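Both complexes shown next keep chain A, but they swap its partner, so chain B is in the first and chain C is in the second.
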Partner chain A sequence: MAGVRLEGIVKRFGRTTALKGINLEIRDGEIMVLLGPSGCGKTTTLRIIAGLEKPTEGRVFFDDREVTNLPPKDRNISMVFQSYAVWPHMKVYDNIAFPLKIKKVRDEEIRRRVKWAAELLQIEELLDRYPHQLSGGQRQRVAVARAIVVEPEVLLMDEPLSNLDALLRVKMRSEIKKLQRKVGVTMVYVTHDQTEAMVIADRIAVMSEGQIMQVGSPQEVYDDPANTFVAGFIGSPQMNLIKARVVDGVIEIPGYEIKLSNQPSTLTGGNIVIGVRPEKIQIGDKPSGPHVEMEGIIDFIENLGADYIVHVKVGDTILVAKTTSLPEHVNIGTRTKIYIEEKHIHFFDSKTGTKIKLNTTKK
Partner chain B sequence: MTIHTYTLGERLKGVVKAWAAVLIVSWIGVPLVISILYAFSERTALYERTPIPLSYSLEQIRFLLFEAGALYAVKNSVIVALLTVALSFLLGLPAGYAFAKYVFPGRDALKLALIGMRMFPVMIIAVPLVALYIRIGLSDTLVGVALAHTAMALPFVVLITSSVFAGVPRDLEEAGMVFGLSPIGVFLRITIPLALPGLAAAAMFTFLLSWNEVFIAAVLTLTNRTLPAFILTSALAAPDFFKFAANFIIVAPALVFVFVARRYLVTMWGITVR
Partner chain C sequence: MRLTPKHKAFLLIAPAFIYMGFFIAYPLSEAIYLSFFEEGALSLANIRYLVGSPLSKFTEAFRYTLTITAIVIPIETALALLIALFLYNSFKGRDLILYMVIIPLTISDVAAGLIWYSILTSNGFMNNLLISLGLIDQPIQVFGSEFKVRMLLAIVVTEVWRSMAIVFVILFAGLQLLSRDLIEAAEVFGASWMQKLTKIILPMLKPSLQSALIIRTLFAFQIFGVVWILAGRNIPVLAGEAYYELTELRHEGVAALYALIIAAISLSFGFIYIRTLRARHLEVTL
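Right after this comes the complex of A and B.
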């Protein structure tokens, strides 16, 4: 087992710069999820850790051992590919045993380890088959078995669930996390699915355009997004991000004015973006703590069974709220009061998008 | 369970399809079968007015092979064809791999040049080639013919193997690297086995290319004739019944190869890697 450290990683492909200086410390034994939209550089980062790609600048360390220029085979890593990359010309048993055979492990030991991995992933009855006789989910299990059988220092996963159907994906993501806990390996997991990231990660590194936007536990990234990108990328439905102006202690959003009970002194004036998660907007029930009260008209209601997604028009702005229950009188077109606790309002700089730290005492 | 009843349209479509298939197969099959039948007929059967020969004998084949020297030519042809396959793969396989897996300056220009090489008429090259061969002592040798055939087959081998290698997913090779193989190890243990059906097909085509090539072989050899050159110079000057026998001798190996290749390509692991 090992921790991974990336120092100032830059990667250029011809004229495009895929990674613009990545610094990241992955702790021994944790699951680090690299999360971001396609093209953000998360897979390139993973491939640099694997050694499949060489960084243009910067260095890669496993613990204190520099591996920047080592080929993949000398890094003691393993990987689950998006396409699974199970070799079609070998039976399942041989696929799983192959890494061990190359390392010249004794036959008896190979048999024992393959059996262990196959039991862990419940594929014992498939060992004698060829990959083309397996379903996508089964192939995925074979790929994972092959990856853990070598007892790697670092286990890399490149969107391993994206080719599975929705139901299986939900099942496998918790299984992968349980498996990692059992094996205790350091894991780097790439995905563009924020729900998957929240479930699997110990910590998430949110990436955009070749840079890391924020690193933190799923809860931290959710509760305290460092900028508008993270705020908008994590959470579903998306956080409400509204352009606003601060004038004399009053926050103006198009067609409406909000007054905070406790004006933070860092909010001096000028343009900002305010962010509120849909699930933090309450319809009907007044919260006990300091809060903002607004009045609006219900524009649309999506009934999801367990939840309602309610679009409320406040001034010229549509706010999206998520709630488990609706007061009886509320319907499309009705005028209603909504409440947001002040501690759940995020303020961002409108130019840079970074969060404006508040100096008021937190409640 | 429901029983599917065919509509008139569907039935008509089936009939048309079946007849089209019969027509296409007959186009190639009928002359082939007739020529093979006459290869095994009595000499006189050729001049009787029956659609197929009625009396059979192995005499023509026996005579061609064992007395006229066709067996020696067959042996020469096999040696030349195998040498051609070996040489063109030795040279062409790495080039094909490079074209498939790497992007380098001049890649497209080189590919075009390879295709361009096929534009030179063999006739024009043949005479200088003979002069050159006589000077360096390669004339009338099997190695000489094999080298000329290699030159002809090489562009084909490079282009075909490059598309075969391009059909091997990069992920499978990268998995090999991650799980402990060196680049050469990946090539030998992952890429080659996966490309094997395609490579085998390319090898068989190359073999047949050399096996069927007559012009260069006829110009470059005198005593060490390959089979087509032998037939061109000897059997075609002989009576008709020898032509049929010669035809069979040259067609038979090609037929066997095609049948073997077909089965090999389809059953190999039940997957299709181009």
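Right after this comes the complex of A and C.
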């Protein structure tokens, strides 16, 4: 087991710069999820940790051992590939045993370890089959078994669930987390699915365009996004991000003015972006704490069974709210009051997108 | 009259049948007739001639054909595999090397023979180069009935140069089809270069290797043009003897017998390859 440290990692492919200076500390035994849209550099980062790519600049450490220039085989890592990369010409048993055979482990020990991994992944009865006789989910389990059988220092996962159907994906993501807890290995997990990231991660590194936007626990990146990118990427439905102007203590959004009960002193005049999560907008019920009250017209209602996604037109702006129940009179076209607790309003710089730190309240 | 599905099926495969009948079954039966019948009666005269007559160079031709095949195919397969592996990763100048390796594919065997003849002959490119470098005083003689081993070497070099291209193309294409992940996975799990090659790449490349070997072996037993240009009948080969028997000696029956023998050898090798290199588990996933 080992922690991983990336220092100033830059990676260029020809003229394009895939990574623009990544600094990241992954703690021993934790699950770090690299989350971002495709092309953000998360897989490149993973491949640099694996040793499949060499960084153009920067250094990689496993604990205090520098591994920047070591090939994968000298790093004691293992990996689950997006395509599973289960070798088609080997039976399941031989696939799982391969890393051990390479390391010249005794036959008896190999049998014991393969059995252990197969039991953990519940694939004992598949050991005698070839990969083409397995379903996608089963192949995925084989890939995971092969990855943990060597007891690696670091386990790397490159979108391991993205080729599975939705139901299986939901089941496997909690299983992978449980498995990691059992084995205790340091894990780096790449995904573009923010829900998957929230479920699996101990900490999430949100990436965009070759840079890390924010590192924090799922709750931290959800509650306190560092910038508009993170705010918009984490959470579903997306956070409402509205262009606004601050004039004399009043926040103007297109066609509407919002008054805060206590204006933060860091919020001087100028253009800003305000952010509110849909689930923090209340329709009908007045919250007890300091809050903002707005009036709007219901524009559209999506009924998801358990929840309603309600589009409310406030001035010229559409706010999306998520609520578990709707007051009876509310329907498309009705005028309604909505409430937002002030502590749930985020303020971002409109140019840089970074969060404007507030001095009044901390949570 | 309406066509039943059965009739339709026969109609659809008819062109293939007619083609096979006209170009394969008919010539084959003619060849068998020419070889084993004389004036309408079964006769073994051609076989007796083949193995017994002082005019016949059958045993020698058989030995040389096998020898050339046995030397050329392993060398060119190994070489093609190495180059394909070398060109697997892209780098500057890869396309140029690719073209250079493939060029011989476009050259006929007679032309290839002539090219190498002009390189290796006593006042050819090789001797001029070696003399101007001061490595030798007298040109090295390659051709002539007293230099059978040297001529054999020249044939091997020419054949490898000429026919490696097709093996390369097949293996290179097969290699490109292998998912990179499968090879990288081996790397991640600690395999050395050699282990990657023997445990992962080669087993998965089996279908391509099989195709390349079958095609090459079949053609190797038909080797003719290169040998005829470089060595004439000094190095007799089966197809060359068939040609000689037919055009010079007018022994149609013997020539047909040679053709049958070449076909029989090719068929049995093809059969062996298909049996031994069968890759059953590679069909679905990749």
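What we mean here is this: the second predicted complex is superposed on the first by the 361 of 363 C-alpha atoms of A that agree within 3 Å, B and C clash if a C-alpha of one lies under 4 Å from a C-alpha of the other, contacts with A are read in each partner's own complex, and residues count from 1 in each chain.
FYI, contacts are C-beta pairs under 8 Å (C-beta built on N, C-alpha and C of every residue); 3 or more make two chains touch, one makes a residue touch a chain.
Just so we're clear, the structure is a prediction, and the values are computed from it rather than from any experiment.
Colleague: With the two structures overlaid on chain A, would chain B and chain C clash, or do they fit side by side?
Modeller: Here chain B and chain C cannot both sit on chain A without a clash.
Colleague: Touching A:S83, do we find chain B (first), chain C (second), both, or neither?
Modeller: A:S83: touches chain B and chain C.
Colleague: Considering only touches as defined above, state whether A:A50 meets chain B (first), chain C (second), both or neither.
Modeller: A:A50: touches chain B and chain C.
Colleague: After lining up the shared chain so the two structures overlap, which partner does A:K103 touch, if you call chain B first and chain C second: first, second, both or neither?
Modeller: Both partners.
Colleague: Is A:K357 touching the first partner chain B, the second partner chain C, both, or neither of them?
Modeller: neither
Colleague: If we overlay the two complexes on their shared chain A, which of chain B and chain C does A:R146 touch? Say first, second, both or neither.
Modeller: A:R146 contacts both chain B and chain C.
Colleague: Just checking: does A:Y130 make contact with chain B only, chain C only, both, or neither of them? Give me first, second, both or neither.
Modeller: Both partners, chain B and chain C.
Colleague: Using the superposition on A, tell me which residues of chain A are in contact with chain B and, in the other complex, with chain C.
Modeller: The answer is residues 50-52, 71-73, 77-79, 81-83, 85, 87-89, 98-99, 102-103, 130, 132, 146, 150 of chain A.
Colleague: Where on chain B is chain A touching in the complex?
Modeller: Against chain A, the touching part of chain B is residues 169, 171-172, 174-182, 185, 190, 193-194, 269-271, 273.
Colleague: Which of the residues in chain C end up touching chain A in this complex?
Modeller: 179, 181-182, 184-192, 195, 199-200, 203-204, 206, 279, 281-286
Colleague: Which residues of chain A touch chain C in the complex?
Modeller: So the residues of chain A in touch with chain C come to 50-52, 71-73, 77-79, 81-83, 85-89, 98-99, 102-103, 130-132, 146, 150.
Colleague: Can you list the residues on chain A that touch chain B in the complex?
Modeller: 50-52, 71-73, 77-79, 81-83, 85, 87-89, 98-99, 102-103, 130, 132, 146, 150
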